[in-house]
Amino acid sequence: MHKRITIDPITRLEGHGKINIFLDDNGEVYRTYLSVPEFKAFEKFCEGRLAEEMPAITQKICGVCPTAHHTASSKALDDLFSVEPPGAAKKVRELMYNAFMFEDHLLHFYFLGGPDFIVGLDAPKEKRNVFGVKDTVGVEVVKKVIDIRKKARGLNAMISGSPLYPVCGLPGGVSRALTEEDRIHIKDLTKDFITFAEFTLKIFDDVFLKNKENFDLMVSDIYYHRTYYLGLVDENNKVNFYDGQIRVVGPDGKEVMKFGSKDYLQYLQERVEPWSYMKTLYLKNIGWKGFVDGKESGIYRVGPLARLNASEGMATPLAHAEHERMFSTLGGKPVHNTLAYHWARLIEVLYAAERMDELASDPELTNPQVRNIPDDIRKEGIGVCEAPRGTLLHHYVTDKKGVLKKVNLLVATQNNAAGISMSIEKAARAIIKNGNVSEGVLNMIEIAFRAYDPCLACATHILSRNIACS
Amino acid sequence: MNSFEPKIIAFLCNWCSYECADSVGRAQKEYPSNLRVVRVMCSGRVDPQFVIKAFKEDAEGIMILGCHAGECHYKEGNYQALRRYILLKKMLAQFGIEGGRLRLHWVSASEGDKFVTIVSEMVRDLKKLGPLLLRDMER
Amino acid sequence: MERPKIALYWCSSCGGCEESVLDLSENILKITESADIVFWPVALDTKYEEVNRMKDGEIAACLINGSIRMDEHEYMAQLLRKKSRIVIAHGSCAYIGGIYGLANFYKREECLNRAYKEVPSVKNPEGILPQAQSRDGEVEIELSGFHDLVKPLNHVIEVDYYIPGCPPNPENVFEAIMSVLQNRTLPKGNVFADQKALCATCSRRDTKPEKAVIKEIKRLHEWQWDPEKCFLAQDMICLGPATRGGCGERCIKANMPCRGCYGPTENIIDQGGKFLSALASIIDSKDKREIEKIADSILDMGGLFYRYCLPSSLLEKKVKSLSS
Amino acid sequence: MKDEKIRIGVYICECGPNIKEAMDVNEIAEFIRGFENVVLTKPFHLLCSEEGKTLIEKDIKEYQLTNIVLAACSPKEHEITFRKVLRNAGLNPFLLQIANIREQCAWVIKDKALATQKAKAMIAAAVKRVAYHEPLETKEIQCHSDVLVVGAGVAGISAALTLAQKNRKVYLVEKLPCIGGKVARYEKVFPSLECASCVLDPLLDEVLHNEHIELIAFSEIEEVLGFYGNFIVKVRKKARFVDSTTCIGCGACSEACPVKIKNEYNEGLDNRKAIYIPYPGALPHVAVIDGKHCLHLQGKECNACQDACPFGSIRYEDTDQIQELEVGAIVLATGFDIFDPKKVSRYGYGKIKNVYTSLEFERLLNSTGPTEGKILLKNGQPPKRIGLIHCVGSRTKKYHEYCSGICCMYSLKFSHLIKEQLPDSSITEFYSDFCLPGRESQSFFKKLADKKGVNFIQVKNIDSVELKKKDNTILVKYRDINGKIKGRSFDLVILSVALEAARNARELAEIFDISQDKDGFFLEEHTNIAPVSTSVGGIFIAGCAHGPKDIQGAVAEGQAAAGRILSKLIPGEKLSLEPITAEVDEDLCSGCKTCISLCPYKALTYDQKKKTVSVNEVLCRGCGICVATCPGAAIKARHFTDKQIVAEIKGLLQR
C-alpha cells in the first residue's frame, strides 16, 4: 500500500491543479501525478458559431492570456477569409500584443512565481505572495507595480476596448484606428515601461544572481531537463511574439526544423492516455518515447526560455544585451535550467517594452485605414502566435457561409505539459527523502511548475499523468 | 405512443380567435381537449418568452392565433406576431424543438370549422412527435 | 474585534475574474487594510484542507467565479457556502452561466469525443477517453467528474449577491466587496451593476432614429460601419437594448457591438427570447417569404442571443425530443 | 406565490345543466380547495342570476375576499356583469379572473373525464393568475364637443352651419384661400335654374360671421390622433403673405403684379397674377400670394404689390403655421375632382379648339368668369352649333364603371342656359342612356325637349363617339342606335365629364385612417343604415368625397353628419379611458426607442430630457405590442403583465 500525499490545489498559477505524490514503504517517491480538473469543450461548442465571432469567443478560454487567443483567432480569420490586414492594423495588433505580454509576464514575476524567491524559499507560506513581496521590497515598489500594470491595461483598453478582453480583432484588421493623440500618449507610457522593465531586471539580479542559495538552485540538476525547444522567430531568427516561422532546436541547440503554422500537423502530434484527460504534445517525427528527456524523446518545451533557446536573440538592443548576458552567465545556448524561465521572462518584458516604443514611434501606426474587407471565404484558416506561456495555434474549418464546422486548438501550456510533469517528478524525487514532506518541501516541488507559469485554464483539459519508475 | 396526450398552449387574440373559440363552443362543435387557451388582447402581445416558457413548463406544442392580414383590431399587431413567430421557429430549431411544435394561424371569428381542424391536426402531429424531454440530461 | 475574512474561488473559469480583482489596482490595498484575504488559489498558498478546517460562517464574504461543470466545482461551492456568511456570484459564468454554457448545445459525449478522438492533431487509435476513476499499476487515480451541463452558481447553492460581466467592471467588484465590509444591507439577489439596459449609457443612443427598421442583417466581416452610429440602426446585431449596463460600454468604445455579457435586466425572463422579440419587431416587411429570407440572414441566433446566458435561460440546453 | 394578504374566492358556475352535466363539478371544487391563497370554493347553479351575484357580494364582505375567480361562461358574456359585482362589494373590478369552462370546455368536450381534467387546469390557471392582478382605475376625461369640418364646399358648410346652430364650436378647414367649393363657381343650379350665388352667398356670409365657426382657410390637415370625443388634429396654415385682417381685396396689388400665370379658378381659360383674388366675389375677399411664382419670394428684385398696397397688408416674411385642434368629431367634406378627358384621345380635348369640359363651360357661363358669362368661341364669335357629349369617363370599364349621376342634369342645364343666351343656336346632346331620377328631373327634361333646335341623339355606345377637327368646325363621329357610323359638325363641344374622387383622397384616407372604395371615394360604415359615418368612430363623411351627388344630396349629407354628431357628442360628457394600457417603468427604460414606431396609435413618445419613453394614456388602447417588443422589459401591459401570463401558463400546464 502506498502513502498518498496531495497538494490540492496547487497555487499561484492560472487554473486548477492538484498533485498526488505516492510514496513507497521507504518513504521514497513511487509516482507523482499532476491533475488539472478542467474541461471546457471549446473544440465542440465553437461548432455552429460564426467565424467572425471567434476572436471574442475563443479568448474566453483564458482570462490571463485572452489577447493571445484573440490574436491567434484574428490571424486564423485573416487566413480563413484570405484577407491581408493593412500595415497599420498589423502594427496596432502587435502593439496591443506586446502591451499584454509585458503586463502578463510582470504579473507572474510579482504575483505568481516570483514571490518564492523575492520573499524567500524559507519564508512562511502566509508570506509567499504579493503581500509578502510588499513587506520585503516595500509598499512603494508594489504600488509602482500596480501603477505600471494599470497603465499597460489602460493601453490595452484604449486599443481594444477592454483592459482584459480585447474585442477589436476582425478578419483583415481591427475595428478602431489609433489617433495621433493616442500615439503621443502611448509614447509617454512606453518610456516608463522600459524603465520599469530594467528596474525589474535589477530586482531579479538581487534575488537570483546576487543570492547564492537561489542561484545554486537555478543551476542545480533538480530543475534541469535536456529537451527540444520550440518558438516563433522572425526572418532573422529573432524572437517574435506576433508572427513568423515556427523554429525547433534540439537539446544541443541546433535547428532541427522550421515550418509555417499551416504545416503544424506534419510536425506536431498529441497523445491520449487511459488515465489522462491530458493530450500530450510531442514532435511527430521524433516520436513519443515516454516521459523522458534527451535527443531521442519527442518532448519539447515552449515559453520564454524555449523562445530564447529556439532563437538567435532579441530584435531590440537592450533586450538583446540582456539575452547575451543570460546565456554567457548560464553557459551558452541552449539553457536547460527550468528556473531560468524567470530570467528569460523578464528579458521578454524588456523586449516588449522596447518593441512598443518602436511601434509608438512609427507614423504608420495612426493610419486610419485599419481594415480590408474580405470578399471570399476559404473554409479553412490557421492562426499562430506566441502566448506568454508558449506557442498558440487556432485552426478553423467552416462552411461557405463562414459558420464553424470544426475547431482545433493547440494551447501554450499543452506544449509544456510533458516538461512540467517531468519537472515535478524530478523535483519530488530529489527533494522528498525518507518520507519528509514538510510544507516547505512541497513548495519546492511547486516552484518546479511555477517556473513555466503554466496556464491550466488554457490547457482546458484535465491532465493526470503517470511517470513510469525509471 | 398513442396513449400520449400532448398539451397545447394556444395564445388567442381577444377579437378574432378568442371570439372564434367561443362561437365554436356555442355551436357545440367537439375538438380535442388538449388545447389550453391563454387570452391576449392582440397576437402582437405574444412575447417569444411566453412561448419558450410554455415549452419549459412541458407544453408539447404552442399555437398563436391572430386576425387575418388587414383585419387586426390594432391594425398591425398580427404582423408583429408573424415576424416573431418566424424568427422564433428558426431559433428553436437550434434548441432541438421541431418546427411542428410552434404554429401560427389567422382565424377570424367566423371560422369555427377552421379552428377545429387546426387544433385536431396539431394534436395528431404532436402525437407523432411525442413528448419534449426537457429533463433528459439533468445531473 | 476580529478583521473580516474574504475568500475568492474559481469554478469553471478563465481567470478573468481574478484579473478583474487585480484590476482594482490600489483599491486592493484598500480592501486588505480592513480585511484579510484567507483563500485565493491564484495568489495565495492556502489549500483546500485548510478551508475545510475553517468554522462554518467564518468567512465574511466569498466571491465565487466560474460556472459549475465538474464535481470539484460543485463540492467547493457547497463547502464555501457553508463557511461563508455571504456568497457573491462573481462574473457572468457564476451569474448566468457564461460563454462555456454554449457547450449546453451539445451532449457531454460529443464534447469529449471531439477533444480526444476527432481533432486532426490527436493520435488515439484505441479511442481512449478520460475516466473519473482509473487504475494505474498499483494506484487508483481519481479525476473530477465532468457533468452533463454547465450551470450557473445559483443552480447548486444559494447565492446572496451577483456581479455580472465578462469580465466584471472592477468598480462593480469593489462596490460589492466594500458593501459587505461596511455591512450594508442589500436585498437578496442584488446585482452590482446598472438597472437600465446598456443603451441608457451608450454614446450612440442619440444616433438611433425613432423608426429603425431592418431589411437584412449585416455581419462583422462584411462591411465597414459608421463608428459613431447605433449598431441596430446599421442593421447589425447589438444586444445592448436587452443587456444590463454597467460594463462601461467597453465594446462600443472599441467600435464593436454588445454581445450581452452583463446579462438581462431585472424583468427579463429570457434574454435571448426578449432580444429576438425586439429584433423581429423591427423587421421591415409584412410578407411571409421576405421575413423568412431576412430570418435566414440571421445565422446562429442561439449563439448570438444566448452568448453568455444559455445555462440560466429558460431552456438551458438543447432539448432532446424523441423524433430527434 | 403564497401570500397571506391574498384571499381568493373561487366560484364554479354550473350554468344550469350546461356545465354541471359536462364535468364533475364537485371533483373540480375539491381539487381547487387545496390551492395556494384560496379561502373558499363554491359550486353554484347559476352565478349570473341575482341570487348568484348577491352570494358573491356577500361572501366578499363576509370572508374578506381580495380576489375572485369565476369558472363559468366566456368572459365576453359576463365579465362586465361580474366586475360590477366586485365594485358593489367594494373590490376593484379588475381583481377578477374568469375561467371560460363553458364555451371552451363543457360545450366542446364530450368525454366527462377529459372535460373535468381540462376545467381543473383552466381554473388552476385563473387562480394562479388572479394572485398577480392589480387594481386598475378607469380614468375619465372630458370629451371635446367641438367639431372639425374639413372642406368648405356646400356639404361642409351645411354641416358647419347646422352644428353652429346648436352653439357648437366648429373649425372649418379649407384647402383653398376661398370658400364655397365648386358650386361657388357655377352660374346657375338645376333644376330650379336659380342663380348659384343667390343660393350660396348668404350661407357663405354666415360662415364668415358666425361666432361659433372658426374658418381656417388656405390650410391642410397634417396629422390626426385619438378617437371619438378626443381627436388631436394638426393643421398646416399655409403662408398667405397677405394680412387678411387689413386686406380689403381692392385688387391694387394684382394690378401692379408683373407676373402672369394660368388661372386655375377659371380652369386655366385666362390668366391671373402672382398675387390675386381667385375670382371676383371670392370669399373671404382677400388677396393671396402664390409663392411659387412671386418674384420677390423667388428672391428676385420686386416689391410691386407691397408698393401698390394702400393698406400695407403685404407680408413677404409670412411662413406656414401649425395649429393644433382638440375636437370630438370630424366631418370630411373634401369634395371631388373631374375626370381628365385628355386620357381619351378620341375626344381630342386639348388639341381641338372650342372643346370644353363641363367645369370650363360653367366658367364661360359665369358672370365672374373669363368672358363675363358670354358664350364665345376662341375667335370671339358666339357659336351656332353646340354639341354635348354625355358620360365622358363614366360608365366605361376603361375609366369609371359607375354613373356619375349628375351629368345628365347639368348637361340639360347647359342646354337650357345656352338657349336662354343664344336662342337661335342648335344644340345636340349625344347620350347612350339618360339618368334622370327624382321629382323634377323629368319635367326639366321635357321643358328642354320641347324647345326647337335641341336634338337628342342616342348613340349605340358612348365609347364610339369621336371628335375630329374639320376646317374650322368640330366633327363628331358616332355610331347611331342601329350601329351606323354617322357624323355631325359643331362650333363648340362640351364634354360632360365624370366626377371622380379628389386627387388627394388617398392621402386624406391615410391621415384620417378611414377606408376608400375601389374608386377612391371614402367608404361609409353601412351603405343603407349608416351612410354618413365611417369605420372610425367620430369621423363622418359628406358630399362628393363620399361619391358623386348633386347639391341637394351633398347638403343633406352635411346636415345628416351634423345631426349624428349633435345627438351623440354632448358637451360636458365624460369619456372613460381604457384602463388596460401600457405603462413604462422609467427606472428601467433605457431609451432605446425600439417601441416608438411600432405603436399603432402613436401613443409612445421619447422624452428628450429624461431620455425615456412615455405613454399617452388617452391614445393607448392596450394592445401590448410595445410590451412584447421592449428589449429591456421596461413596459408593462396592465392586466396582461408578464407575471400574470406566465402564472396562467404554469397553471394550465401543471400536472
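First chain written, first letter: the chains are A, B, C and D, and each begins at residue 1.
One rule holds in what follows: a residue touches a chain if its C-beta (ideal position, glycine included) is under 8 Å from a C-beta of that chain, and two chains touch if they have at least 3 such contacts.
Values in this document were obtained by computation on a predicted structure and should not be read as measured data.
A.B. asks: Between subunit B and subunit D, what is the separation of their C-alpha centroids in Å?
C.D. replies: 37
A.B. asks: Go ahead and note the Å separation of the Cα centroids belonging to subunit A and subunit D.
C.D. replies: Averaging C-alpha atoms per chain gives centres 76 Å apart.
A.B. asks: For subunit A and subunit C, let me know how many angstrom lie between their CA-based centres, rounded off.
C.D. replies: It comes to 25 Å between the two C-alpha centres.
A.B. asks: Counting in whole Å, what is the centre-to-centre distance of subunit B and subunit C, each centre being its mean C-alpha position?
C.D. replies: 33
A.B. asks: Specify, in ascending order, the residues of subunit D that touch 2 or more different other chains.
C.D. replies: Answer for subunit D, listing residues that touch two or more other chains: 598, 625, 628-629, 642, 646.
A.B. asks: Multi-chain contacts in subunit A: which residues touch at least two other chains?
C.D. replies: Subunit A, residues with two or more chain partners: 48.
A.B. asks: Taking each residue of subunit B in turn, which ones touch at least two of the other chains?
C.D. replies: Residues 47-49, 53, 76, 80, 84, 94 of subunit B each touch two or more of the other chains.
A.B. asks: What topology does the chain contact graph adopt: line, ring, star, complete, or other?
C.D. replies: Graph shape, chains as nodes and touching pairs as edges: none of the named types, so other.
A.B. asks: Where do chains touch, given as pairs?
C.D. replies: A-C, B-C, B-D, C-D
A.B. asks: What part of subunit C is in contact with subunit A in the complex they form?
C.D. replies: Residues 10, 12-20, 22-23, 25-26, 28-29, 32, 41-49, 69-72, 98-100, 102-103, 105-106, 110-112, 114-116, 119-124, 128-131, 134-139, 141, 143-144, 146, 166-167, 219-224, 227, 250-251, 253-256, 259, 299-300, 302-304, 307 of subunit C touch subunit A in their complex.
A.B. asks: Applying the document's contact rule, which stretches of subunit D touch subunit C when the two form their complex?
C.D. replies: Going through subunit D, the ones touching subunit C are 585, 587-594, 596-598, 606, 611, 625, 628-634, 642, 646.
A.B. asks: Quick one: in the complex, what on subunit C touches subunit B?
C.D. replies: Result: residues 105, 107-108, 147-149, 268-270, 272-274, 276-277, 279-281, 283, 285-286, 288, 291-292, 295-296, 298, 300-302, 305, 314-315, 317-324 of subunit C touch subunit B.
A.B. asks: Flag every residue of subunit B that touches subunit D in the complex, lowest number first.
C.D. replies: 7, 9, 18-19, 21-22, 24-26, 28-31, 33, 35-42, 44-50, 53-54, 57-59, 73-77, 80, 84
A.B. asks: What part of subunit B is in contact with subunit C in the complex they form?
C.D. replies: The touching residues are 47-49, 51-53, 55-56, 69, 76, 79-80, 82-84, 86-88, 90-91, 94-98, 128-134, 136-139.
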